[in-house]
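Here's a structure for you.
Order of writing sets the labels: A, B, C, D and E. Residues in every chain begin at 1.
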């Protein structure tokens, strides 16, 4: 099980470490060449394409960011898919309750309540794993069911549609040409990177993933640490729900569930491991972008859908192989 | 004046096996008490009950006159007790600096934001380890990549780096080279001079005699005898370890 | 514009469903007839989060028209507006956005040119009528459904329940059971419903896997003669189950027609002709009695 | 991360260890009392109910059995969902190719070819993880996509329906009142239990999960071991596909996919851990039965569907808590 | 007669750090060669290149006249070399019996089926460990629950239980009690008498002098000197460890 492990160090170091960059550049190059030769147009140099890919990766990323921290700590959070849904539905309900003329304030309030609902799920997860010693896989699978049921029950069905220009602007507007969901994801990514790389909290998270005894005996309150981790995971997923409601003018109980697997994949493509103790936010960001690029790119090339499944599978494997071969080269493992 | 540490009637049962039964002893400030005993005698179990890793099945520990039992390892460490565990308890994926400061990391402030001061911690680690006679080739490599002795040196560095009132050392020199072993013995003397209490666990008879103010011999979970080094000799200690009655 | 340069992309609700695969066949037939190309690009599940990035990429390819089964009435408005804004003709098939009434000058989702479908609510109603007749107008029935949140299957359930409530007061519709497209779970759910309600008379399987599972559960209980199973959609496996008596009837949509008319409508728009904003394709009820009939057999979906 | 760990010992010991039994008995008792008091009928004492639950658990189990071995070894196999589908589709295609009068022999051949297809996926997984050092999460996520695409491509769509009395008998017949899918699952469970508990292979699997160096340095060919593990996982999943095709007279590409999460949950409820080195077949069997019982029982009690999601979540958590509290009592952890 | 083991020009680089540079030595049958050296000198790295855990950056190892380099740990073990690793390399979740027999488990046949003989392996383990002076309270408990010394005893037991031609011991007594250390020293003598070659790594000078036929001192990855015990003394060995040139 001993693999070259990645722990957060400086931004530069992380960047250099992540050869996945190289892979990303390679596939981008491939699609660009394809576009030029086959279709006589461009893949990369169109704001629309870049924006679409960026928005798609940001939706994956919002689930993957907090999850990265949890996975680095040696745990997993399966509940985030439906936490996203719960927060999306709650936000939509509050906006609806505020009536059709609800202004910006109501939307902000709705967002706070939405994230609040997510935080509750995170607290429960943390409490189960920290205090009751429930393995995180099972504990968060349990809250997955509970959050799903809760979202459907409060929504009184699957979706709650809203009409709010403010919410819509939040999901579809842009800031200097950068779509707001992307701005949100960037801000959160920077925050999570800061947490994981530059704070005590981050070091403790890495140590927890490597050897629980090491942090516990060093005098860290591991229970508190675990609860924080699951709350962060729930918060980024919950913010994903807010973005969802804004983008689609509807809160859906299923909002995050279909992308859960992509989020987990992004974290692992980014260098994390099942056993914990490794993984970086930069890696996860690249992982999410790789996934979004290939999904977009394969449709763009017009590959038939079933072949796309095959191609996505292959690209995921190759992405990791590229990363592996680099560890081999640098002698990280012998 | 009451003792720095008082261990009263400690007992620990694991399933059907009573690893430690009714252990009592005291450690005074500036004193080095050696816990000796054969493999499996219960030494590590005793010190883990002091440091908060295990909850005793029975008995209490008092430190500085206050009840310590029931505290988490965090509470024990904050009370002023540092421990070098036999298994070292390092975070293998972190570098020596972060391991040295784990739980008490150094930070610096940049534009109002607090950042870990990795460089400083690394430097400090290199320095403390140099004091033990150890040079680590790449101070930014995770400790997983270090040699057995280098790893042990980090665990030692971590315990002595803080102004503790009591330092517990579970076989601290087991993996160390000859010069490093000597450094640790010298270190124990320096700590004693500073009034720090020490509990040392060791299987090395010369070291035991060199460091101990008192030797407490555990045999199969019970205190087989307590001796001052001047009053005893190798043979008697070994006999006590083997369970001869005091 | 030269016909062979016209490019249309069909974006189904999901790519792995016989219904949409058959729709694509119809679309390809139309493409061949017109001498144009029709691409098929979609997501793996019936879900707006997954459909949106596919749609975005399709837009990037710059087709002349997009034929799409939107996976949500409100949620797909924004993504589709992006296509519309780029001058791409939008036609919805099978499902619609907003209220489904296009080109009226009102509503957020007014911009698609046409909606071609057999209406799912209507199909649900039809299933209810057939069910009610089969069980003699009274008794307990339930809907075996995929999961909440899929607009098509939700509408079938809605139609089914509405029809029963309005016209068959003696039929009790029990709680819906969700099976996640897992036939095995659907079968075990039938068993559990039967254990609770020994008199249950019928199951409406809102899609292929729901009906397959219900049929299997009925077979296991030895109740093939007492319990009526109605399936929505008519892929070969359902038709086989009709022949073997496990399933009593299937409400077949006409996906090939939908695909065919969809392409025709888009082509018409692109070549400057006018099209109706809504084209209804019908349903065919397939039962053991008519399954051998050639005119009926053509409505069996390709798998 | 140190939890009380379970490793295979004797059957009796495993049985006693698994307090999940107790929980299973409790929920069965609950449903029976409910049936008697509320509905005036019986839950447990009806062959049909038991058969339905048994068949549902066996379908989960067929994916969970091989997966247990992989998880004990510290890895994961995400591809099994679509391996099940691939094998189901391939079996159906061969039967279809054999024509309408294809007899028993053709069906047996079809089953062999179906399992053969699954074995190919297993070999690829093993090769990726063992030889190319691809983390199993990513490697099997890749083959998940490939197997899925392959199943859809060979099926030319989602499902391949067949008409074969022999295949149908295999899926729906019984042996002395025991449904054949259940017989198949029992035989495979006994086989996997034997492998994991009584053979060198099993010991090496546990050791691999605890510490790869321990088996490698003890002179075990870890690559071969890994390949075997992934092939076994693919084979039990593939047999799950055969059962599916038999039961539903149709091979569906997504036959196993919705069950994957339940299969993984069964393994974890049964006492396995993300970090490897623990878990038992008995535990997994109980886990699968618990899941099937609550799915059946909640419908039986007439709980509204959204509340069922909540209840399933809660029961999963409690199942593990019961198991935890037992480890606490026996002092396994301190 | 050529040597049992020949180590030729071994070199190992980890990233930018050359942990071992050009190490050469031989071990004859019935001979105990001690590898001495300070922490981080490269001792463990050398023996891992022999036992197949690391592939040397340069150099070869010959055993019984055949090239050993390139073999997996499996191949090396099958060739007749047993190794006690410094980190013990135990499977923490298995009992002592299974750890003792790991890779070579005992089986019995019941009605044509082969079953692991757990009971027998447990019994054997208890016996071998008793020979080292160690009694384990619950022989069916996973070795995770054992004391440091008990764990080390299992690693030793595993290496000496098989009829090896060469036994490599990386600090085998570091965690052992006094009587157990003596047992291991006696064991080394018995093995030598049986013609087994031994490579011993140790930081304990008395042990080194008691066991060694030849002492090879490594300093910062290179052989600093080679001495017969009779020709040298503690001071010189320590000086060589510190990198004084031979």
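Some observations on this one:
Quick note on the criterion: a residue touches a chain if its C-beta (ideal position, glycine included) is under 8 Å from a C-beta of that chain, and two chains touch if they have at least 3 such contacts.
Nothing here was measured: the structure is a model prediction, and the numbers come from that model.
Among the remaining chains, those touching chain C as well as chain D are A. Minimum number of contact steps separating chain A from chain C: 1.
Centroid to centroid, with C-alpha atoms defining each point, chain D and chain E lie 42 Å apart. With each centre defined as the average position of its C-alpha atoms, the distance from chain B to chain C rounds to 71 Å. Chain A and chain D have CA centres that are 29 Å apart.
Touching of two or more other chains is recorded for residues 2, 152, 211, 213, 306, 309 of chain A. Shared contact sites, meaning residues of chain B that touch two or more other chains, fall at 14-15, 87. Touching of two or more other chains is recorded for residues 148 of chain C. Interface residues of chain D, counted against chain E in their complex, comprise 2, 5, 7, 9-10, 194, 197-200, 202-204, 206-207, 209-211, 213-221, 277-278. Chain contact summary for the complex, chain D toward chain A: residues 1-3, 74-76, 128, 132-139, 141-150, 152-153, 211-213, 261, 264-265, 268-269, 273-276, 306-314, 316-317, 319-321, 324.
Considering their complex, residues 51, 53, 72-74, 76-78, 83, 85, 87, 89-94, 98-99, 102-105, 107, 113-116, 118, 140, 142, 144, 158 of chain E touch chain D. Remark: chain C residues 16-18, 21, 148, 174-185, 187-189, 191-196, 198, 208-209, 212-213, 216-217, 219-221, 235-237, 239-241, 244, 302-303 touch chain D in the complex. Residue ranges of chain E in contact with chain B, taken from their complex: 14-17, 19, 37-41, 44, 86-87, 133-138, 141, 145-150, 153, 171, 174-181, 203-205, 238, 241-242.
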